[in-house]
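What follows are several structures.
Paired with chain B in one complex and with chain C in the other, chain A is shared by the two complexes that follow.
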Partner chain A sequence: MSFGIMFAILGGVLAAAGGGAGSAIGVGRVGRAAAGVVTEDPSKFGKVLILQILPGTQGLYGFLIAFLLLTQIGVMGGSPIQLTAAQGLMYFAACLPMAICGFVSALHQANAAVSGVSIVAKRPEESGKAIIFAAMVETYAVLALLISILAMFNITANINA
Partner chain B sequence: MAKVDMQYIEVVAPIDSAKDLFDFLQVRSVMEIKKLDETDGLDYFETGPVVTSIEKYLDTASTALEIADRYAPEKSSLLSALKGIPVLSESEYIKKSDEADEILGVCLKICAAEKNITENKALISRARAAMDGVEPWLSLDVPMQFKGTESSKAVIGTLPDEYTADSLRIALAQFLEGEERYECEVVSKSAGRSCIFVLVHNEAYENVLSALRRLDFAFPSDPTKHPPKVRYERMKAKIEAAKEEIGNDTALIKELAAERDNIKFACDWFTIKRDRYKALQNTSAGDTVVAFGGYLPAEKTEALKEELYEKFSAALEAADPPDEDVPVLLRNKPFAAAVEPITEMYALPDRTDLDPNPVMSIFYYVFFGLMLSDAGYGLLMAIGCGIAKFKYKVTGKLKKTVDMYFWCGLSTVFWGALFGSFFGDIIPRVSEQFFGKVLTVPWAKEPGSIALWFEPVKDPMKLLCYSFLFGIIHLFFGLGCAFVKMWKQGNKTGAVFDCVPVFLLILGIVPIGAGILNVTVPPVLVTAGKYLAIAGAVSVVLTAGRDSKNIVGKLGLGLYGLYNTASGWLSDILSYSRLLALGLCTGVIATVVNTLGCIPSNKAVKAVMLIAVFIFGHVVNMAINLIGTYVHTNRLQYVEFFSKFYEGGGRSFTPLKTNTKYYQVKED
Partner chain C sequence: MRETEYAYAIARIRANELKMLGAQDLERLISAESYDAAVRILTDKGWAQPDANSAYDICEAELESAWQFISESVPDRSLLEAVIIGNDFANLKAAIKAKFSNHPLESYMTVPCVCPVEKIIKAVDEGEFADLPDYLKDCAYEAYHAYTEKQSGQLTEIIIDKACAAYKLSCADKAQSSLLKEIHTLTAAVSDIKTARRCVSTGKTKQFALDAVSGSGKLDSSALVNAAYDNKGLAEAVKAPGLEELAEYADGDFTLLEMYCDNLITKKAKEYKHEVFGPDAAVAYYYGKLAEIKNVRIILSAKASGVPDSVISQRVRELYV
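Take a look at the complex of A and B:
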């Protein structure tokens, strides 16, 4: 095993851990607010549940990056490719957008969703708008995901060329 | 034009037919009643007290229904919710409404029985408390209020601490200095408390009582008139009686709950009646006529006019609306109507807006399919919604939502087939893992692909370019809507100057941008694009500042307009990259699920494992991605598309109608 592969795996692990940790905190935070609303009115469960799931996607994106990376460098198939330290660091860098932005955006999306929960509590008919406010934050997680994927694929293409 | 033309009308009718007229209008549900502006010499109907009393009846009926549901719950399932509510014809409805008073009687009985039950429950707990109070005294043979005989006095009460007759005597002796003229008896003792009976000679009474007081003696708070046993038995009987009454009342409620359907009807009926009387408040009345205004869809005016004249000798005529607050009613073909709830969630179109639904619907379905992009998931959605749509024939708003997911499902199947994703890669994987055969379509670049077009994971850049392309088309439609809207409003210069330069600019930049993304573009197009972009940019600079008076302001605003257009459109177009990102997300996770299922090498174990992981994994993946896809499709419409032309803020058309919960009233 080389340093290259180590850097690459480190990047993937960070992406999964960053996104996952952010989502765990975020989903938990919204869940607490949602539980409060359901205590008062159990019929709002469906509406607040959607809000609770929203900050959960970052964890999924992080997992996705980690999985793609493990496949790209062959760890998943059991035969890791040879990477120089520089190449490994490239993979590491490719994972960073998802690791950092996934963590931060999940927390902030959770904040928006918590406020959205109070919209649902007071004016359930406006719950669609509450979802949109929270979803605005997700845009940046999606962009980070995209850059991580594109960077990773292009790095692989360059190494293979 | 999918916004229905609204007309303001005024109606004058003989006062005798006013009630029937409103009945008729309510069942027809075509007209929103409004107050007349000028009502010289006419009064408004004062129906407030009637409305209040009807609301009381409604409250009784709905409480009765709630009680009936609590004591005799109705069996219901998810499927029964899909079946929708039963339909009553107009004549059935009128016949049934005559029984409403009888049903109200039933409702009152139910409410009274439930009140009785509550009272009896309270009585039981009071009686239990009383029984607990006399329990320690049960072995006392005299009443607790017993005062004594001619020569003696009785002292009955409690002492803290547990005593026997002897230990009590010893305790008292220390305060009594040889006084012996009393008899002690401990009736009961428990938990640090003794109930005692002391018989004292009249002359020793004061001394003994003060001695007892020093031991913290207390008289009972509620002494019995008869021996305690009598009260105990009486309370026991009371509880038995109350229990029996509760049983009877419960049985009564359960029996009356059989009238549930009628009670439901009563709820609806009182709601209808309340709404009608509320509408009557907007009516002006003289000695012989009533008059009111209102909005209705223009195409219904003629038919309504004739019908009102024939049935009620009422006159109807079109008039100028009193204000600009014209309500909005949307009418679209089912394909476009399905996305109306999405638009409504944002805001209804106002007077000047175009109805965005027809244009939006096609993009909504395409983008939804592109982001979910798995033929298996799409198929499940389409089948589920198809069953709800064709077998259960859902109606109303639910029908629109079901329709929307039906079309989204079909679109997902389409994109899933193009990208070769059916529950991820389950088809080629099973064929390879279990049958050793690598499935490949003839046009695929590498083995193992069954995509009709290409696999996004293998070539994400290609799909990214297409995402931007779809985005630009979507945005251009938005810009086109802005053009049409301004043109229709008579702002023709605005339409030309605000929209055409942007078209030119973006069209010109596309070939250049495509070059940056490594797409081969014919050099002719790049050159043409360059000139188009320059022409567009120059015309934006020249036109964006046209409202300013002086030349410096014009130039400044023009440059600012160019900056705004360029940065705004860049971020809008980039936003469509989510089409790729979410599509990849679904596909890759679906593939991961299948990979996990195929880890064991033994084929039998592998099959079992795969089935379990397949069901669980794909259910979770589908649920999470459905929510994500729904949210991001909405966002693309709200933020990118609507911002180009849509203002919103319209008020929805709310005709006087039979706003029922349990039954639907249809015209005969």
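Take a look at the complex of A and C:
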């Protein structure tokens, strides 16, 4: 196995691990706050559950990037393509936006969602606004996802050209 | 301890804040026809049923349940014991005084507390303090001997108050709660002002006053005592950073000084009302409950003794919610 493939796989691993770790911490953090509200008022379960789910999306995005990368470089099909170290590093760099932004945005989205849980606790009728505040952070995870996908497809196109 | 570990406790607190008495509830209590009517309003709001018409039973039950609620919600209750640790020192003071004055002890003991009341009573009865927690042991021994050997109730109080102020500040540091530190610094400063003025009015020596003030607040102890003994007024000596407003009340009525202190604590607690992580929100809630309970005590006592509504309105403290 070449260095190129190794760098590319490392990028995919980082994207999945960064997004996944951020989401795991984030979902757990919001879960604690949500449990606090449900302890006092079980009828708010549905509203706090939506807030708890929000920081979980970065984990999915990270998984998606890793999956696409493994498909692009042929690892998923069992016949990896030959990559130079430079090409491998390009794939690695393409994965970094999702790895870094996925991790950071999941944590900050969790903090916003925990604040949202406090809104639901005191003013359940305003839960929509609480969701919007937390969802705003998602924008940057989506942008990072798009950049990682675009970069990856363009690298593949250049390699195949 | 990570601040995010408080997320569960704070979410529970936010949900519980809805049950706290608001300005409208307070108005209803003040304008209630009688003591019984006021108690009915409280029981409708979920407060405990009174025991033999004693206002203090309701308030104590409410305060105990507030502490119970906080202690079962926070990740480490020992860190937040700093909010109730003062009651242990108050109980020690009560136990020593009651032993030598033959007063019924139970009515003077304060709950919630960290060290069981029975343990303190037993230690004072036997004059043996080894079983008390470390933070009480030394000051209990010193205060007990001050009472038995010098027959000085005031010296006993001073020894306990000083130990209490110093320990409260160390607890606030341990809990990493900036709110608790601010509150304990403020209460230590107010306590020092009262001590200095009391020493002057009871004819104690300046040295006695210097030993008596805790020095745990932001105030310069010697400047404070000198100002009190030189009859220059305390306003100048009290102008420490963050306590500027205190100077206005330092030379006035003790009731107004206490009211200012209570209101300032509630104001500081309100600043942490929207925190979602860390111990400060739990501390703020407890002090919010204290303010609420103090108001209920004021109102119920006034209702029981027929004080007019307009006078009660002037005495009530600022509310947390």
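By our rule, the second predicted complex is superposed on the first by the 161 of 161 C-alpha atoms of A that agree within 3 Å, B and C clash if a C-alpha of one lies under 4 Å from a C-alpha of the other, contacts with A are read in each partner's own complex, and residues count from 1 in each chain.
In this text, a residue touches a chain if its C-beta (ideal position, glycine included) is under 8 Å from a C-beta of that chain, and two chains touch if they have at least 3 such contacts.
The shown structure was predicted, so the numbers you read here are calculated from the model rather than taken from an experiment.
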Does the superposition put A:41 against chain B (first), chain C (second), both, or neither?
-> second
Should A:122 be classified as contacting the first partner (chain B), the second (chain C), both, or neither?
-> second
Determine, under the contact definition given at the top, whether A:32 touches first (chain B), second (chain C), both, or neither.
-> second
For A:2, is the partner it touches chain B (first), chain C (second), both, or none of the two (neither)?
-> neither
Comparing chain C with chain B, which touches more residues belonging to chain A?
-> B
With the two complexes superposed on chain A, say which partner A:114 touches: chain B (first), chain C (second), both, or neither.
-> second
Interfacial residue positions of chain A with respect to chain B in the complex = 50, 53-54, 56-57, 60-61, 63-64, 67-68, 76, 128-129, 131-132, 135-136, 138-139, 142-143, 145-146, 149-150, 153
State the interface residues of chain B toward chain A in the complex, per the touch definition above.
-> 345-346, 460-461, 464, 574-575, 577-578, 580-582, 584-585, 588-589, 592, 595, 624, 627-628, 631-632, 634-635, 638-639
Mind pulling up the chain C residues that touch chain A in the complex?
-> 4-5, 7-18, 73, 274, 276-277
Across the complex, what residues on chain A touch chain C?
-> 29-30, 32-37, 39-41, 111, 114-115, 117-118, 121-122
